[in-house]
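In what comes next, subunit A is part of two complexes: it sits with subunit B in the first one and with subunit C in the second one.
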Partner chain A sequence: MRGETSVARPWVRRIARPQALIGLVLVLVLALGALLAPLLSPYDPLALHVGPSLASPSLAHWLGTDLHGRDLLSRLLWGGRVSLSVGLLSVTLSVVLGCTLGVVAGWYRGVSERLIMGATDLFLAMPRLLLVLAVLGLLRLSGAASLLAMVLVLGGTGWMTMARMVRASVRTMADGPLARAGVGLGLPTWRILFVHLLPQALSPVLAHATLNLGRVVLVEASLSFLGLGVPPPTASWGATIALGREWLHSAWWISTSPGLALVGLVVGLELLGGALRER
Partner chain B sequence: MPRPTTLFTLLFTLLFTAACTTDVTPDPQPDPPAERVAFVGISADVGSLNQHYARSALDAMVSEPLSLFLVNNDFVDGRLVQQPALAKSWTLAPDGRSLELTLRDDNTWHDGAPVRAQDLVFTFGLLFDEQTGSRLARATALLEPGGVEANDDHSLRFSFVHPVELEEALGQLGGVVPLPQHLLADVPADELRAQPFNRAPVLNGCWTLEAWVPGTQLDLVARPWGVGAGACAPQIDRVVFRVLPEYATRLLELREGRLDILADVRVQDAAELGREHPEIAFHRRGPRSLVYVGWNQRDVDGAGPHPLLGQPGVRRALAQAVDVDAIMADLFHDPVSGETYARRAVGTITPALAGLSTAGIAPLDYDPAAARAALEALGWADSDGDGVLDRDGEPFRIDVLTIASAASRAQVGVYLQADLAKIGVAVDITSLERTAWMARADAGDFDALLGGWSASLYVDPSSTWHSGPDARWNWIGYANPAVDTLIEQGLAAESPERAMEIWSQLQAEIYQDQPYLFLYWADEIVAVNQRLQGVKVDIQAPWHGLEGWSVVE
Partner chain C sequence: MGRFLLRRAGYAVLLVWLVVTLTFGLLELAPGDASLHFVDPDLPAARIDILRAQWGLDQPVALRYLQLLGNLARGELGESLVHARPVRALLLEALPPTLQLSGLVLLLSFGLGVPLGVWQAARRGSRREHAAGLLLLALYAMPEFWLGMLLIMALSGGLAWFPSSGLVAWDHANMGWVEGTGDRLLHLVLPTLTLLLPALAWVARHQRAAMLDVLGSDYVRTARALGLSAPQVLFRHALPSALVPILTLAGVSLPALISGSVVVETVFAWPGMGRLMVQAILGRDSPVIVACFLFYAVLVVLGSLAADLGAAWLDPRLRDGGRR
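And then the complex of A and B:
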């Protein structure tokens, strides 16, 4: 009980900071909107001609409509599901990969460490967006497969910093009393690593993952903006921004709402992640 | 060593003296007259400035002012009417088997060398050589092999394989861009395509390339030559083509007066701009832009028919399922004027041409119920209740390739998905960069292509519809012996009227097969700031005749 309190208190203290609260509210509002999209959406986000073409915001269509008469509020809410799903799944994959590789590198050292850290440096040296563009361009997938590919590629290119963090912590703890006790008690190595050491290294990793989530959402939006992300007609913030840029002068509302939502989500996650990282 | 105060005093004295010195320069020169410049917005950079290797309609339009063609064309009542240009007069032999052209004797290349009939013989010699790979090689279709001779420096004779009419002969030959023999004679034909000449050509037109900053802008400057009628005396000094890939940026620059000409303005924007900017005039041109969906006729390895799209019955059903009128209403309808700037397409030959008949073609009506029934009659059914038709366990799912930068086509893709979903056909849209799109099209690696053509005013369907190996744009693998025969007959027709009859038959024959989902012909709106006078906008180009332009400040 004492241990739980000592772990929970710093988190509570960090989240109670004003910047974290602002971030949390932003993220929660957008996440709830996405989560409750089926209930909140006034129209089918894919249905054409639910309103006039290029209608400005009104009572019937709070955020207006696009060229095809699709309701932009509905597309914003459903688009949030795509952005957040891709972001959460990718970051989860990154955390799993980063923690596993970091633990292995920090514990076993030697050749394993050199190989993993070499791969880490190699991936870090590559511009992420270019790498993702190249891989998605080569895979040439469509439909749900392209969504899955995007998650895998984004997750597969975001684990490096986390691997470094975990490796550094595990390396330090490997000679510490916790590890020695585990070895002395004859616990299996996997248990020492993943049940006893890894939780001690997770705090900075989770803070970094929160920050990373915002960046992944941004990359997903960039890919959709470039036509390589979520395939049409699925609603996505990046694709809606791309559609709206053609109409910036005459129908400013098309790009505005997903643009603001994207900014809000990324800023919220940055504030939250920043607060969590501070001691 | 001088003390700091001494140095300071010296410096102050020098500066003070300089400031008080009167201007001793002679009487100031009058300001040179301001340069007269026109700015044209273009959406992409140019690939080649040599018309023989133009890769797009944009390449051809931007490079056109660099050359003086054998003849110029006016488009009158659906026909091209030839006017003297490099050829100042012509005579067709009474038997229609030869044509004599007399060339101007005052035209020069950009390097000052005179243009001679021998340059034309050289150019046609290159066109006869398949290794050259010129896109203008079709100009030799009517000619006997080696049927171009120079009588003297300014007189030329063409010999034809069969009797021709003057309009047909000039139409075929007049669009050839002369190339300078004195600069290119030593270049092997198969190396011409890769020559630096194509990016900095020395040609014979009224304009010459001064600067080309890739991806940014391209400057043409005036090069007056000759005297008298037909000589070149431009009224502006420079034309700047500004590369602005983003449509919104192009529109902003037009609005702010930093562009004088912008083609492809959207209907909705034209209506608004017209209200807010009375200085901008709008011209409607076309129809030359066809948008279509090409169905691949072959399977991926080219060995047999495409498993989904190989049957004409399936393609007809797909055509019935798409509401083309609704697409045109959304994209091209101007609610103010009530006009729609597009019309339904039934073929690849522009309906602007006189004599083209669509009498044998009944456009398929939008009828999703009939489309679904037709597919079910062919064995397709939604056996697993997932909303997508299937047969033998294979879902009816097609992948449509589109070009990422072609925003209007991406919009068409939305309608395609929605309409075909109603009959149980799933459509995935794969958006590719233009080069990747072309590579997959060339390789036949697709189910369907969402594409567009800028139709030629000289009809030659062979590159699109002939089944032979030279049909470079027949990406879908269409093969119909009757169509091949009609193409050969049409190209060899003795008169334009007869050719048009054949082309009409050809369109009807192709429409029966539905190798394309023919969508629409779009009219283009060209915006011109009225500070620029004399701009000629017609079906041939959104701008041409640059020498007739003048600037009114």
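And then the complex of A and C:
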């Protein structure tokens, strides 16, 4: 049954291009750094005065220290956990929402399609950052709750393009042999939709999700930069950049490394997503 | 066309209403009300009750919601709780700097990004295009606040070419006309660059994709087969079709630009809408928050309407709602 619509290049071969490989390496290095932060980081990211205050990069502190003498390499590794977990969770939510709504709109047509597509247009018009800003800024949640709210809002505002993609491919497949065979065999509708049709439409969606992950990571960093992300003692890239803002001219290293990590992660995801999108 | 406009207008009202309702809901959900934030807690309870009554906080939620909708419909934005000034005046003050900045960025990013994308599509696969693509990708991936700081470090701190914060220098009032204008322009450079570079990369990427799409189509192949020159095919036949999606992009780029300006205005202490809003949110100045969100919703609606009209003008098939 598989590969009945268009034959896409297997993903292994799509990955095996120099650009995609660079992207993969960038993402893997940063992701592993975040994942293995407890093992890799030389110091406790929250511990104060593990080194001198505002020390420039040295052998003892590869990326230097901040005003409170915290080790910046450790904070970089731990900060990646915040960015990646918020990003991955909210993009997963977006994918689930987008696929479900897209499948429903593409299969059932009629009123449900109109409603879903209308909602898609509406959500597309909302400035994402402002929405998250309002929710987090007004509700002033504490630690875990603010993370959850961020995931919910970012995930809840990132599904629209994916819903459109899924709807378009389900629509074309709805009259195709795959769907008719399923109906003829008397399979339940949900099985036809989610087991047989959806996987066919998934490849461009996953490529888009990869690209989306980069944007979400940037929004999370912006929020932390504005002081509305994860609350202070926790390490996050955006917050470290904000901290370095006051020492731009005297301690350039504070905001340089988290900024480079952000750019590296987003570039990596872009290269990877771009390669996945091409056939 | 009439039906199209009517539908769009309905849509616009719906969106604006939703945004206002959402904002009101968030303000209601937020713990405590204005009396907790703006009143000395040592005042006798009776005095606080009087203030609450003055602000209408003693009314039921539903009534306050309807009052808000009524006031907004009549164009009354109320008074800021923090600044004790009419919200309208605050908006009018913050609007010009933001419009200046986003207008300039919008103009430059499309003015430069479109030719760049066309060039990239025409020279696809060449070494130079590859290099340009990588550079644009890096720009696209840059968080605006970090880019702004890098620029401050390099061009304001290191080289001291441009000022890094505010609209004008502190001694702007003493300057002559020429000097004053120069001062304004100098202050515009860094925030504009910060917003421009990622936006430029974004526009070029979309223009490149749209152009490649069109260049692969049958009619372009036909035009080439008929022996038309390369520039003729590119500019006369391919470009107009490739501009349609970009026009839509220009309309919807307003929200993105605004989101970016929120952060950039904070970095550069630019007294515009973005900073007004961040400060209102942090200071819980509910009338200002509602007004800001209302303003953004209206801007978004106008932007997408303008994009649709522009697309209909460029592409006749879209004019009767795609019925042909």
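Miscellaneous remarks
Keep this in mind: the second predicted complex is superposed on the first by the 270 of 279 C-alpha atoms of A that agree within 3 Å, B and C clash if a C-alpha of one lies under 4 Å from a C-alpha of the other, contacts with A are read in each partner's own complex, and residues count from 1 in each chain.
We adopt the following convention: a residue touches a chain if its C-beta (ideal position, glycine included) is under 8 Å from a C-beta of that chain, and two chains touch if they have at least 3 such contacts.
What you see is a predicted model, and the numbers here were worked out from it, not measured in a lab.
Superimposing the complexes on subunit A yields a three-chain arrangement in which subunit B and subunit C clash.
In the superposition on chain A, contact is made by A:263 with subunit C only, not with subunit B.
Touch criterion met: A:127 reaches subunit C, while subunit B stays clear of it. Using the contact criterion defined above for the overlaid structures, shared-chain residue A:222 touches subunit C, although it does not reach subunit B. Applying the stated contact rule after C-alpha superposition, one finds that A:137 touches each of subunit B and subunit C. Looking at the shared chain after the overlay, A:202 reaches neither subunit B nor subunit C. Of the two partner chains, subunit B is the only one touched by A:67; subunit C is not. By the touch criterion defined above, A:271 reaches subunit C but does not reach subunit B. The larger set of touched subunit A residues comes from C, when the choice is between subunit B and subunit C. Contact with subunit B, but none with subunit C, is seen for A:246 once the two complexes are overlaid on the shared chain. Stretch 441-449 is the one of subunit B that runs into subunit C, the other listed stretches 135-143, 441-449 or 513-521 having no clashing C-alpha atoms. For the contact definition in use here, the residues of subunit A common to its subunit B contact set and its subunit C contact set are 137, 140, 226, 245, 248-249.
Of all the residues in subunit A, the ones that touch subunit C in their complex are 121-122, 124-130, 133-135, 137-140, 214, 218, 221-222, 225-226, 238, 241-242, 244-245, 248-249, 252, 255, 259, 262-263, 266-267, 270-271. Contact residues on subunit C toward subunit A in their complex (touch as defined above): 11, 14-15, 18-19, 22-23, 26-27, 29-31, 137-138, 140-146, 149-150, 152-153, 157, 252, 255-256, 258-259, 262-263, 266-267, 277-278, 281-282, 284, 289, 293, 296, 300-301, 304.
Residues 46, 48, 53-54, 67-69, 137, 140, 142-143, 226-228, 231-233, 245-250 of subunit A touch subunit B in their complex. Across the complex, subunit A is touched by residues 246-248, 251-252, 255, 268-269, 272, 330-331, 397, 399, 404, 407, 410-411, 413-415, 417-418, 426, 428-431, 436 of subunit B.
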